[in-house]
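One chain, subunit A, appears in both complexes that follow, with subunit B as partner in the first and subunit C in the second.
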Partner chain A sequence: MTSSSPLLSVRDLEISFRTGGREIPVVRDLSFDLSAGETLGIVGESGCGKSITALSLIGLVPSPPGRVSKGQILLNGEDIVTAGEDRLTRIRGNEISMVFQEPMTSLNPVYTVGEQIAETARAHFGSSRAEAWDRAIEMLKLVGIPSPEQRAHNYPHQLSGGMRQRVMIAIALVCEPKVLIADEPTTALDVTVQAQIFDLFRELQRKIKAAIILITHDIGVVAQMCDRVMVMYAGRKIEEGPVRSFIRDPRHPYTRGLISCIPKLSRDPSDTPEPLFEIPGVVPSPADLAELKGCAFAPRCNRAINECQLHSPALTPLGSDRAVACLRQEEIPA
Partner chain B sequence: MLTGLLRKLANAVLLLFAVLVLNFALIHIAPGDPVEALVGEMGGATPELIAELRESFGLDQPLYVQIGHYLGRVLQGDLGYSTYYDQPVTHLIAERIGPTLLLVTVALLWAIVIGTILGVFSAQRRNSWISHLVTVLSLAGFSAPVFWIGIMLILLLSVAYPILPISGMTSTETATSTIGYILDVAHHLVLPALTLGLIYLAFYSRLSRTSMLEVLETDYVRTARAKGLPKRLVIYKHALRNAVLPVVTFAGLQFGQVISGAVLVETVFAWPGLGTLAFESILRRDTPTLLGILFFSALMVVVMNLLTDVIYRRIDPRIKAT
Partner chain C sequence: MSVTDTTPPVAATAGKPLPKPVSPSRQVWQMFRQNHSAMIGLFILFAIIVISIIGPSLYTVSPRDMVWMPLTPPGQSEYLLGTDYLGRDLLAGLINGGRVTITIGFSAAVLTILIGVTIGALAGFFGGRIDNVLMRVTEFFQVLPNLLFAMVVVMLFSPSLINIAIAIGIVSWTSTARLTRAEFLKIREMDYVKAERSIGAGNARLIWKVILPNAAPPLIVVAALSIGSAILFEAGLSFLGLSDPNAMSWGRMIGDNRPYILDSSWGVTFPGIAIFLTVLAISLVGDGLNDAINPKLRQR
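Up next, the complex of A and B:
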């Protein structure tokens, strides 16, 4: 962490969705901080609340049926949850931007990529058309698109997936935001392109000095990119800490499971490959969770004891910079 | 792109040829012929006269010879001679096409513009009064027969509150100036255009609402919001242009078809267009006229399809690539 007061501070966030006359929380008791220049990884299986948390940070929780039902999201001390639509419009893309998972569908098919970058600059800086267009070309160059002057006139369908994601990143960074949220930015891309995109993130972070929230379920990406990691399970934070200790010494049984799931490459082809590890079961649905008293992971946990079914474990600090929510974390061998 | 258009053009010519042959064959399979209808109106005739009439219309020839002759004439731009009006069919169509195009264009235009606006508004506020209005309107528009709507509008706006003329395109007293004439036609146009447009209004408000709802859920609209664009740009720049694509497709297809769709409305309001002509030629077994109108309708459909294609390419850049 580089400064004492965080750039973005999420406090006791709860996000709920109304279904069948009931309001069901999908994210609960979520608190975390993000400092300037830092990269925070949010890790978890599909459906654990990562993406909806990210959307809440720019006030885009689909409403109805969803809403932020509790808590605060403070950007430099200003609460985004209570901010009006006008203020949010000025924050989005300008102070906090987002790169989405699906580069193939996230760009508007009927406008050129240059226009889609330029209009963001026009909306936030009030730049003239010519200025904004120049800025768009500059951004395309920055994200490593060859012959940007020509490419700016291309429509999304004329670009490859990797190129489109670069364009999305250019859109996200055109106003030099303080926070960049990347929601599984490379899931839809080839592995070789993935590496290029992450190199690009690192390079741009150095240039623009933005803080990055990287949402992923790829532990390898986390190890490469992040300073700190937060693990989410069923809408809650269950473990948080610096990336090094997260990989070397995961405390929560779920985190250990996630790390064990990474396939190991054997050097000797004559070795019998180890069977792939999997965590049994699936993430419980938010509706089931509402009924659940104990730890949400207990039904899938190989270390669960009776106690786990009865109490939901609180997030407990572990040393100066880690925290974990497991009743048995002290008993788990390092 | 040019080769694509050329291929489409070639297809269109083939299609028109097929339409001609099929229409010709279908009408000749149907019982009754123009001579019977004529003789009926004359109050009877001798078998010799009937045979003579048949010969003069070429009806005594085998069907394939008749089709051959007809196709040959059509290629030279001659659609034949009306057995009832005693005039060239091309002349009849040329005379009637203006009023029909005027009616259909005005009806479709107002329906598309208002329909799209209603659809867009109701898609944004799914539970507002405007959204419910669109639902009720489209239900009514779809289920109420067009002639009934026409008669109800006549009762309301020509009888109960006589502000609009009941029928026709011009008043009997001839207008003295051009502007007077235009105003007179416009005055007569309101009711039929309103009636015809109401069906399309129902359709287009529904279509654009569905399309808009779909587009508002897309990833690129989410991107537009995440960029911090004001709502007006998100809706009217990013969403509408995509949502309007199906509207353009249907408008193009329908414009070709409304000529047949206008038959009922033209009949109710005695609008002197192609619809009334088609209706009369069916009653009078005026085969050449009917065939001419059918051919002309097919031609309109084909031309509008080509035109839609061109417009579509302008709105959606993805199509140029394929």
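Up next, the complex of A and C:
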């Protein structure tokens, strides 16, 4: 973790959903920091709480039934959890922006893409129509859309998925936010387009010095893009550290599992490929977790001991910049 | 994706000529133009509106003056369509009545849409308790018998053109409200609404600038058709004697000549045909709009 005062600081965050008269936490005891210009990857299986964490950062947890039931989200020292709707509206777009998973459906079909970018610029800067339009074209150029002057007049359905995601990024960045949250921004795209989008992210980060939170379940993406990684499992952070140590020396059995799940390419064609590793079982549902005393991963863990079933392991620091939540992390060979 | 993949950004469509952007309204017009019955409707409507606007200055006979023998059949005098029970020129009545009828139809439709869309939008967007209250209010208006309720409103206040338009608007907004609410319920869950919110769009912006334009296609059709039904409604009220005594409308002509229907069928027939043609034209245009807008929706 970096020592300089963080841009975004999440403290003991708990997000709960009310179902059938019970309030069930889906994210628990989550704390992390984000410094300016840094890229943080959040990794985990579907349903581990990544996306809802991201939504909570811009005050968009669907409510009801969901709510942030505990903790603080401090953006430059200001708590987002307790901020009013008016203030949130100003924070969204200006300070924190989000790029969603679905570029195909995340653009308003009745406006041209130029109008959509310009409208956002106008709403935030109060600039004139002509200025906003110039700004829109500038943004389209910045995100690498060819012939932006013409493309600005296109409607979303006239653009490909990759183009639309670029437009989404342009909209998210037009107000130069300090934090950009990208929730699986390339899941719906081709691999080649995915590479382009990530190059774009890196380039934009250099240009406007934004911090990026990248939510993904693709370890390859994390290795390529992130400075730091946070692994979530069943609503908790179970491991955090610099991306290098995360790839080379994962400490939590779940993280190890995730990394072993990546198919390895061999240079020698005569090699018989090893069968691909898989983590047995599925993520327990939040409702089951509420009753679980021990480590949430214990039922799927090949190193679980009796003690793992009894109490949930706390996040323990490991060296200066890492932390792991596993009872047996010291015993596990590097 | 492999860890070392660093393909440089490639312009996916570089070199290819860009498709010429076509705005949605232009596409709708292109579809509409191919629909013959809708174009005929549009032509009739256009003709009626033009006649109503410039007709009175070309055909200067006053619709209020007694100009000939009462109940003269068409073609038997210089007054082409004959005269009514007071000897007033029917053709002059038709030409002058068009303005009033169309104005009432149009303003009642505007009112219908204003009330209906506002209530439906608020109910559909906010949901929960607001939705509950607004929908109960809507249901209250829905269960009242339309004609009776409108009659009461017109009789309570004087039967002026404005009051008649307001009465028609007040009784006919409910279905628009329900339709708007349904559209809002559907569209507010769309990804692009979530995306707009995430970049700082407030509620007002989401309602008016994001959701409403997307809900517009069915509302445009309903708005067009509600002009027709407002005209019919006005005719119905006039037929029952509830018309502005100072304004000549087609409905009023029918109402006035109703007692003499057995002696002079032309007194009610010609205004009836005028109303029929206008409403038919509006319905044809409305259906044409519906057909022109819907394939666009499917395409999205």
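Quick note on the criterion: the second predicted complex is superposed on the first by the 331 of 334 C-alpha atoms of A that agree within 3 Å, B and C clash if a C-alpha of one lies under 4 Å from a C-alpha of the other, contacts with A are read in each partner's own complex, and residues count from 1 in each chain.
Criterion: a contact is a pair of C-beta atoms (placed from the backbone, for glycine too) under 8 Å apart; a residue touches a chain by one contact, two chains touch by 3 or more.
Here the structure is a predicted model, which means the values were calculated and not measured.
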{"item": "Simultaneous placement of subunit C and subunit B on subunit A, clash or fit", "value": "clash"}
{"item": "Partner with the higher number of touched subunit A residues, subunit C or subunit B", "value": "C"}
{"item": "Which superposed partner A:90 touches (first subunit B, second subunit C, both, neither)", "value": "both"}
{"item": "Touched partner set for A:109, first subunit B, second subunit C, both or neither", "value": "both"}
{"item": "Contacts of A:327 with subunit B and subunit C, given as first, second, both or neither", "value": "neither"}
{"item": "Partner chain(s) touched by A:223 [first = subunit B, second = subunit C, both, neither]", "value": "second"}
{"item": "Partner chain in contact with A:151 - subunit B first, subunit C second, else both or neither", "value": "second"}
{"item": "Contacts of A:258 with subunit B and subunit C, given as first, second, both or neither", "value": "neither"}
{"item": "Subunit B versus subunit C as contact partner of A:168, first or second or both or neither", "value": "both"}
{"item": "Partner chain(s) touched by A:123 [first = subunit B, second = subunit C, both, neither]", "value": "both"}
{"item": "First (subunit B), second (subunit C), both or neither touched by A:15", "value": "neither"}
{"item": "Contact residues common to both interfaces of subunit A (with subunit B and with subunit C)", "value": "58, 60, 85, 89-94, 97-98, 100, 102, 105-111, 119-120, 123-124, 155, 157-158, 168, 171, 175"}
{"item": "Residues of subunit C defined as touching subunit A within the complex", "value": "1-3, 5-14, 18-19, 21, 23-24, 190-192, 194-202, 205, 209-210, 213-214, 216, 299-300"}
{"item": "List of subunit A residues in touch with subunit C within their complex", "value": "58, 60, 85-86, 89-94, 97-98, 100, 102, 105-112, 119-120, 123-124, 144, 146-147, 150-151, 153-155, 157-158, 160, 162-163, 168, 171-172, 175, 191-196, 199-200, 218, 220-221, 223-224, 265"}
{"item": "Subunit B - residues contacting subunit A, complex", "value": "218-220, 222-231, 233, 237-238, 241-242, 315-318, 321"}
{"item": "Subunit A residues within the subunit B interface of the complex", "value": "58, 60, 85, 88-94, 97-98, 100, 102, 105-111, 119-120, 123-124, 155, 157-158, 168, 171, 175"}
